[in-house]
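Next come two complexes built around chain A: one with chain B, the other with chain C.
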Partner chain A sequence: MKKEVPLAICFIVALIYIVSNYFTGVEFLATMKDLLDKWYLSVDAIVVAIGMVNLAQIHGRRVANKREGWLFSLWLMLCMFGMFFVSIFWFKGTTHVGWNFMYKMIISPMNATVYSTLVFYIGSAAYRSFRIRSMEAGILLVVAFIMMLGRVPLGAMLLGGNQAFATAADWLLRVPNSAGMRGIQIGAALGGIATALRIMLGIERGYLGGTGE
Partner chain B sequence: MWEKIANVDRRVIYALMILVIALALLNPIGMAIVPSQATIDAYNYIEAMPNGSIVWLGMEFSSGGVTELIPAAQAIIRQGFKKDFKFVCAGMWQQAGDMAEMAFSIVEKEFPDKQYGVDWVNIGYKPGGEVLLPALINDVNEAAKGIDHRQNQLSSLPLMSQFKTIKDADLIIIFCTGTPGEQQYIKHVTGPLNIPLIESAISVSVPGIMPFVQSGQIKALIAGMKGAAEYEALVGVPGPAMAGMDAQSFSHGLILLFMILGNIGYYATRNKKG
Partner chain C sequence: MKIAAGYVFSFWFEAVFLATVIVMITRARKGMKIPEIYKVAGLDAMDEAIGRCTEMGRPVHFAPGIGDVQNAQTLAAMSILSYVAKQCAKYDTDLIDTNRNVIVYNMSEAIVKQAYIEAGKPDAFKPENVRWISNDQFAYATGVTGIMYREKPAANLLLGAFWAESLIFAEVGAAAGAIQIAGTANTAQIPFFVAACDYCLIGEELYAASAYLSREPVLLGSLVAQDWGKMGGVVLIVLGTLLVSVGSPFLKDLLAK
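This part shows the complex of A and B:
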């Protein structure tokens, strides 16, 4: 019963959600879908707490055993629990000036900084990886050249105002890229459906704990 | 020498990159911005909307996307305010409310007759990820728990009396850096309700979005900082995106230069070894 009940709940709930998405206008299904959406919000909030416990377990062990990089783990836990307790017991909400300071003056600039550093990594990675070692690598290099010049005004400036690079970059995005991306997206969607069906039918039981045997 | 060219220390590349970007930002040469057809399509679509339309702005990004998305948002708000559009902003991303405030903060001063609560409302971030979208279809007030980003009661804001559900939006414009983003809007809102969707996205997301543009699920796409710069040019108010295009151009130029040098060095050393 330990496994049968959760599997039955999973199957019934998944079935209701799928059917309610395809057959709109049925009062009972719409009400159930709303209810499930609300439950999802609660589960979503609980998942954050589980994530904190999980992080604390992993990094706590690393600190306790003084493994390599344990100082970073300690810093992570200090920041995580620091923000958590201060927000709940001192700031008591997101309107407090202290919370705003922590969020807008620390987290927000750090977020922007991490994203900004990408330009350096991309520059260095492009220099090292775009070597014409084969015909495929050569094609990749030519496409990269066209895209990089076509997506900035520099391309037109080099050609005396001619928009050839921009036109070629636009074509690459609309035709070969779209064809490839569509294939990837359809493939990923089919993979998602297959996984969902496996979970729904009880073939994939990893979420119950154990090995699914 | 060829060995050195083939294996330039990455710190040299980083230093030159900083130098080139800083010089371009401090001394812009003002490269000509020629709007692409995609950006013109977005501009024309919004321009063709009736005056007084209600537009939903989905601020689906965080500070990492500010450079590319805020200029586009400001240019669209400028265009919209000239046409007496009413804007309702919200988002599934935690910084959605702050991003909306940032976008309106400058433009609001250019339109002193536009009032918060009457001409625009910032509902801000509401948790739940994509589950928020179906909730917005049912009842915006309930989905937002009755309060906006500034802690006002939504029921006290005049604009919200005309905007009970997201179905009341004549147009949806979203600003995205990732997931949740356009796929969630298409799945839950714009697809089933047949509401037109326009997107402004960061450059790295553009390849993944193109199939949705081709299929017509996204009416028009403003792609990256270049798209934002083009939009600023179309609206006629130069802004941060146009200013940033020189820096982006030169950084691309530097990367291309290193790619050429890397290949020259690679072939020279390879022949030597052979």
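This part shows the complex of A and C:
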């Protein structure tokens, strides 16, 4: 029963979703799909509490045992519970000026900072990939060189205003790149459908904690 | 009840594809011969990566991406996690599983725990090694970065739906000296994984992973159907190209129905 009930629920819910996405004119199915979507959002919100308990356990232990970096753990818990309690008991919603300040002046800039570090990671990844150790790496280097010069004014300037790099970069994107990407997308879409079917029919049970039949 | 406009061809294509999957699975169940599956280096290297961690006494890091449970890539990642957790339990190697989505985190915890039970080592399961970092994409990326630098896993398995954080994970993994196996069906992230990781599962290979690793004939049967579906796609592409070249919009109109 521990596996049969989840498998039956999975099959019925998947069927409702598939039929309601493809067919029109059945009010019951559309209502059921909306209801399931709302349930999902509710569950998603409730389980955040479980995640918070997990974080508190890990970092609480680190603080209690004064392990290396315990001050960071303390700071994390202060921020997490601080934002949680202040939002519930003081701000009481996302329209409060204090909540807006916390979000727009602290969380958003921090997000932007981490996102911007990508530029350095791109640089280091490019350095490792573009070292010509093989034929493939050599092709990658040449293509990247053309793409970069085609996308910045320097490319045209080096050729005295000639747009050859830009034209070549456009061609690379439109023809070989699109062809490769579409091939991958078709394969991935079919793989996704097959995986969904395996899960729906209860053939793949890895997500229940055990693979295969 | 009728098929929604614009979905008619898609419905019938998928119906034929699903029928093919069911036929292949039925054939496999009956013990009939299934064609050989081509070798996927990234999946063959999975045991090597876990073995490396065992030898070095360092943990394995597994990230199932940042997609939610409605994403097929996440579910495929969960199946791989089940395999990895069983291998880690077998060889007494620590497995650190980091999550962004809380529902995925709860699933991961149940899967890893079950794997340890199935391996006959329930006491070796460490709940603190299955971690929820944050619902926020870059807070999660920062948390994983910290874990990679502090706990220095010898294997970094990035399998699932990844977006902008993909390269951050792959680069910090490289900096930590981990052997890296990544896989995603998000086409924009595949080049980053190819460039920064030792092995990369491209697109559909991620979905094939659980079948490939488990070697279950029934699961392998569905992979054969996938290849047949791809062949169908190729036929449509060639046919469409020919028809458009001779000025016939027949297939184009059919696809739009």
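Here, the second predicted complex is superposed on the first by the 170 of 213 C-alpha atoms of A that agree within 3 Å, B and C clash if a C-alpha of one lies under 4 Å from a C-alpha of the other, contacts with A are read in each partner's own complex, and residues count from 1 in each chain.
Convention: contacts are C-beta pairs under 8 Å (C-beta built on N, C-alpha and C of every residue); 3 or more make two chains touch, one makes a residue touch a chain.
Note that the coordinates shown come from a computational prediction; the quantities given were computed from them, not determined experimentally.
*Asks:* Contacts for A:Ala196 in the overlay, against chain B (first) and chain C (second): which applies, first, second, both or neither?
*Replies:* second
*Asks:* Which holds for A:Met181: it touches chain B only (first), chain C only (second), both, or neither?
*Replies:* both
*Asks:* Kindly classify A:Ile9 by the partners it touches after superposition: chain B alone (first), chain C alone (second), both, or neither?
*Replies:* After superposition on chain A, A:Ile9 lies in contact with neither partner.
*Asks:* Of the two partner chains, chain B (first) and chain C (second), which one does A:Val114 touch, if any: first, second, both, or neither?
*Replies:* both
*Asks:* Who does A:Ile50 touch here: chain B (first), chain C (second), both, or neither?
*Replies:* The answer is second: A:Ile50 touches chain C but not chain B.
*Asks:* So, does A:Phe145 touch the first partner chain B, the second partner chain C, both, or neither?
*Replies:* A:Phe145: touches chain B, not chain C.
*Asks:* Between chain B (first) and chain C (second), which does A:Tyr207 come into contact with in this model arrangement: first, second, both, or neither?
*Replies:* A:Tyr207 sits against chain C, while chain B stays out of touch.
*Asks:* Could you tell me if A:Thr95 is touching chain B, chain C, both of them or neither one (first, second, both, neither)?
*Replies:* So A:Thr95 only meets chain B here.
*Asks:* Once the shared chain is lined up, is A:Arg131 touching chain B (first), chain C (second), both, or neither of them?
*Replies:* So A:Arg131 only meets chain B here.
*Asks:* Could you give the residue numbers on chain A that contact chain B in one complex and chain C in the other?
*Replies:* On chain A, the overlap between the chain B and chain C contacts is residues 24, 40, 44, 111, 114-115, 122, 124, 126, 128, 181, 185.
*Asks:* Residues of chain B touching chain A in their complex?
*Replies:* Listed in rising order, the residues are 8, 10, 13-14, 17, 21, 31-34, 36-38, 62-67, 95, 98, 127-129, 131, 134-135, 138, 151, 192, 203, 206-208, 210-211, 214, 223-224, 226, 245-246, 248-256, 258-259, 261-263, 266-267.
*Asks:* In the complex formed with chain C, which residues of chain A make contact?
*Replies:* 21-26, 40, 43-44, 47-48, 50-51, 54-55, 57-58, 61, 68-69, 107, 110-111, 114-115, 117-118, 121-122, 124-126, 128-129, 140, 181, 184-188, 190-199, 201, 203-204, 206-213
*Asks:* Contact residues on chain A for chain B in the complex?
*Replies:* Against chain B, chain A makes touches at 24, 33-34, 37, 40-41, 44-45, 95, 104, 108-109, 111-112, 114-116, 119-120, 122-124, 126-128, 130-132, 141, 144-145, 148-149, 151-154, 156-157, 161, 163, 166, 170, 173-174, 177-178, 181-182, 185.
*Asks:* Once bound in the complex, which stretches of chain C touch chain A?
*Replies:* 1-4, 7, 11, 14, 17-18, 21-22, 25, 68, 70, 72-73, 75-76, 78-83, 101-103, 105-107, 110-111, 113-115, 118, 127-128, 130-133, 135-139, 141-142, 150, 164, 167-168, 170-171, 174, 185, 187, 190, 192, 194-196, 202-204, 206-208, 210-211, 213-214, 216, 218-219, 222-223, 225-226, 229-230, 233
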